[in-house]
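Every chain is named by a letter (A, B and C) in the order it is written, and numbering of its residues begins at 1.
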Amino acid sequence: MPLMRRDILALPAIVAAASLSRPASAQAGGGVLRIVVGSNLRMLDVHKTTTGEEYIYDVLVFNGLTRMREDMQIEPDLAESWSYSEDLKTWTFRLRRGVKFHGGREMEAADVIANFRRIMDPETASAARSNYDMIAGMDAPDAYTVVFNLSYPYGGFADILSDRQAKIVPREAFGTQATQPVGTGPFMFRSYTPGDRMLLARNPDYFEPGKPRLDGIEIRIMPEMAVRVAALQAGDVDVVWDLGPENVRALRDNRAVRVESIATSTWDGAILNNQTGPFSDIRVRQALHLAVPKADIVELVLFGEGAPTLSPIPPTHPFFAGDVPIPARADVAGARRLLAQAGHARGIRVPIVVPVGRPLRERLGVALQQLGRPAGFEFEVQRVPYARYSAEVSGKAPIYIDGFFARPTVDTALYPFLHSRGSWNTRLWHYNEPRVDAALEAARLTGDVAQQRTHYQAMQRVLAENPASFFAYTMNFACGYRTTVRDIATHPMRWFDLRNAAVAS
Amino acid sequence: MLGRRHLPRTLTIGSVVVLLIVVLAALGPWITPYATDAFAVRERLQAPSAAHWFGTDEFGRDVFSRVLAGAHYSLLMGFGATGISLLIGVPLGMLAAFHRGWVEELIMRGVDLLISIPPVLLGLLILATADPGLFKTIIAVGVVYVPIMTRLARAVSLSLLAEDFVDAARARGDGAVRILWREILPNAWPPIIVETSLRITFAILLGSALSFLGLGPQPPASEWGLMIAESRPFIEEAPWIGLAPGLCLCLLLVMVNIVGEGLRDLLDPRLQGRGHG
Amino acid sequence: MTAYILRRMLSVVAVVWAMTVLVFCIVHLLPGSVAHMILGEFATDDAIRLLEARLGLNDPLATQYWRWFSGLLRGDFGLSLTMERPAGPIILEALGRSAILAGISIVLVATIGIALGIHSAVNKGSPSDHALTLAQYFFIAVPEFFWCILAILLFAAWLGWLPATGYTPLAEGGLLGWGRHLVLPVATLVLGLIAHVSRMVRSSMLEALDSQYVLAARAKGLAERIVLYRHALPNALLPAITVLAVDVGLLIGGIVVVETVFAYPGLGRMLVYAIDNQDLPLMMGGMIVVTCVYALANLAADILYAVLNPRIRYGGAAT
């Protein structure tokens, strides 16, 4: 169960830094690792990154206060330990000493504070801003201590500091991050040719002795999936990030290649507008769930590389409400009845917006279009470039296909999305269900994992009755590795921890 | 002059095949063995067989049915777009030839401008301003080829306007529209027909290229360029999904091209070597 | 002659200027909001208004146009909206890489196309002529994007290896490494164009071989080789120049597709990226640069044509 979450509050209040005793011999000489991705890295300013490709780079060049391991456990990163007050509103982080920015000065508490100020500044327009809206104030009693004062109790605060954009850069160099990024990470930025490749070099002064082993990393960009796969088979690259489900099957027989596919809480779905249009009627939303069996969707779109779900909580997670049935067969008559009750006896004709160039989501749109038809849903597929989503589609179109990456905590994966005052809620579906609000608030405030589980499962039961949207599936994340690549694990957050990795020449 | 004796034969073959494709395309949606968008989860990615001549795609849809039902898109784009460029370009060209002076300047400089944008880019730009769809693609491709038609119509009209019968019409006091319609147009046809038939190939090519880039008919339409684009993730596992529409597209293009060149040799041997993109 | 060339150059300048107006207008007709694009999903209405004011998006279009155009004149393409880095270097670097691709392709198309065309014409009716004609029909008809699919299929699925994709700078990979990366994209680009050019050369060569002066040269008893290469060929090549200029336009179209498929970081792919991401400065700059290149290619063809053909009427734009 890769998504098993540590019960955040059951740990001792102070987490000691993990032992750093690694044999000093494990130094450099690890070769250059060539990773291939599908689209351009657009933004190098870590606080403003928004795509999966950029997040890979984020964790290689920068560090946050905490770090998430492959088993979703939180461990110290720039902070070597932390403690929190009884009421969970005051969090104190003690910083590691002697951490140097690439080729520069030492990182200190003032940097941490300036970085979070920047992330929280609306002018920066960081996608992570709303995650940190509980921060009411920050303090630096000394150069190696940062105190966060929260406006409400938040048990998962150390967890969300491991998130993608929450990285620390020198406070005097904010303006040049987009062109000359500087961090503290195991690798240093060397060069970037938009559309072609990014080069990273080993950081010889990295604060963990003996790491990293790799001499450098090359992130190459190849838009065509078939070409990425062929390049892996030919040995032109060492790692393919994010294989399509169809490639997982095709590559399994190849001896020079290792494929890893793991369950994640990254989800795709049809976003239904609860405020206007036909889906503002709960019966129409229910009808869609009766009309389209999610199991068929998983088979058609993902070739089985994923699982039907009720909410962003994946079925592999202990909080998943396994007792709520997800229908395996279409109930066309039931769906038609509900549509008729909602005043759509002759069916519904509405465009379904699909993002261009994302094959899985395009397939999801086409699958819904076809599977919804017998019950009277006449969807007209409309492909719109993803760039236009935020201005024209999000929160406006009656139904559209979208999806979201795994988040560091269950709370951050649910609360902003499903709480009526959540930051994503108004950007997506305008869902308003007091019972869900209550469950989310209760789960956030309790420290007890068993109780959290009860609340979250109650929430899923309500969601099954009153669906906010069509959560189609949580999907696996798969990568292909040459067998010469050592010590990389596929990370459920869709990035790589390459501190120990090496390539055999 | 080249090979006059054997060209009519290729022309005949080409015409018959194109006609056959047109008939199939017209009947296509009604004679497909399977519904073009019916899923069959258990029959996904099957190789060509007696039941599925061109195999099945990632949704278990019958590729043969989809190719058949998709033929009309290419033809509509080819003939439709060329028709548009004719309807706009020929009158503009004749007008420019008749009204020398600022009208001509205006039209011809506009033509110079449009023709100096590479076709695919012009198509991309036009389509970037609107949500994509079959008819928008047809219009975009049509607009791209307007300048070529305008130039040709103007050149032909200019030489015709110098002929005696036009002077006679002028002497009778005929108006511009009447002269262009009654005297020029009937005589200007042969080179325009030749250009048109050659143009169709390029219109089909450009239309399917735009469609391949996602700017044509939208899924689940089975336009061939779109089918090829969608087949890419399966190119290793199930190459037939992309090969079938691709080869059909090539066949159509070869045949339309043969007909175009055959017509040219038949109608206007002097024009050989002038066709271009 | 000089006057003709000057006038053509002037018209190129006029076309490029008109193009800046056209591109600017079309780009500002595009649906979607730039500020939304930059600020993303969480933009508040206030933040959007602020940014729009800062970017000058509320100024009259004429003012915005002038700001952009005067920047262009100074060689300033503005700042890429999505990457927050200057658009100029991005465009020019991409142009440089595409120019390598296009340059090699055009040279190959010209030499191979002309050679095959002459061969066909001289050996008219021979089996090799028939084979070439058949091949031409086929190759002209295969779209670049289908070639790309076929190439991937051939190498990836059937052969199990792939010639290098992407791009290596000359300084890094050496001549071999640099060249390896060009094989696939160039091959895909030139097949159709070679067919096109050789077909044109064949028919103009046949026309030239039938002409009075070739008959006269033959009558004078000149050696066949001299008749071919001194008399027929120069005349047959004239139309080829025009065709090549037109092919530059087709090449640019092909490059858009080929660069995407083979991960070649050139101008075509940059343009598709800019359009997909509504990166207006990149989009406008890229379009202008492409138009310039295309206009210059046509100018070069016209001048070459004028120089080679003493009979051209310098009088005007007959077509």
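Methods note: a residue touches a chain if its C-beta (ideal position, glycine included) is under 8 Å from a C-beta of that chain, and two chains touch if they have at least 3 such contacts.
The model shown is predicted, which means the values in this text are computed figures rather than measured ones.
Chemist: Give the chain pair, either A-B or B-C, that is connected by more C-beta contacts.
Modeler: So, comparing the two chain pairs, more contacts are at B-C.
Chemist: Using only alpha carbons, which chain's centroid is the nearest to the whole structure's centroid?
Modeler: C
Chemist: Let me spell it out: compute each chain's centre from its C-alpha atoms, then which one is farthest from chain A's centre?
Modeler: When every chain centre is compared against chain A, the largest gap points to B.
Chemist: Round to the nearest whole Å and give the separation of the Cα centres of chain A and chain C.
Modeler: Centre separation, chain A to chain C: 41 Å.
Chemist: Report the inter-chain centroid distance for chain B and chain C in whole angstrom, where each centroid is the mean of the CA atoms.
Modeler: Their C-alpha centroids are separated by 21 Å.
Chemist: If you average the Cα atoms of chain A and of chain B to get two centres, how far apart are those centres in Å?
Modeler: Comparing mean C-alpha positions, chain B is 46 Å from chain A.
Chemist: Please set out, as single numbers or ranges, the residues of chain C touching at least two other chains.
Modeler: 31, 152, 156, 275
Chemist: Which positions in chain B are in touch with at least two other chains?
Modeler: If we look for residues of chain B contacting two or more partner chains, we find 131, 232, 235-236.
Chemist: Where in chain A do residues touch two or more other chains at once?
Modeler: Within chain A, residues 224, 226, 229, 356-357 contact more than one other chain.
Chemist: So in the complex, which bits of chain A are touching chain C?
Modeler: Touch residues, chain A against chain C: 40, 42-45, 50, 122-123, 125, 127, 129-130, 178-179, 193-197, 220-224, 226-227, 229-231, 233-234, 236, 356-357, 385-388, 390-392, 394, 423-424, 427.
Chemist: Using the touch rule from the top, collect the residues of chain A that touch chain B in their complex.
Modeler: 224-226, 229, 244, 246-247, 249-250, 296, 299-300, 354, 356-357, 359, 362-363, 365-367, 369-371, 381-384
Chemist: Can you name the residues of chain C that touch chain B in the complex?
Modeler: Chain C residues touching chain B: 11, 14-15, 18-19, 22-23, 26, 29-31, 124-125, 137-138, 140-146, 149-150, 152-153, 156-157, 196, 200, 203-204, 206-207, 210, 239, 242-243, 246-247, 249-250, 252-253, 256-257, 271-272, 275, 287, 290-291, 294-295, 298, 317-319.
Chemist: With touch defined as at the start, can you tell me which chain B residues reach chain C in the complex?
Modeler: 1-3, 108-109, 112-113, 116-121, 124-126, 128-131, 151-152, 155, 158, 201, 205-206, 208-209, 212-213, 225, 228-229, 231-232, 235-236, 239, 242-243, 246, 249-250, 253-254, 257-258, 272-277
Chemist: Which residues of chain C touch chain A in the complex?
Modeler: Result: residues 31-33, 36-44, 46-47, 50, 82-85, 90, 93-94, 152, 155-156, 160-162, 164-167, 260-263, 265, 269-270, 273, 275-278 of chain C touch chain A.
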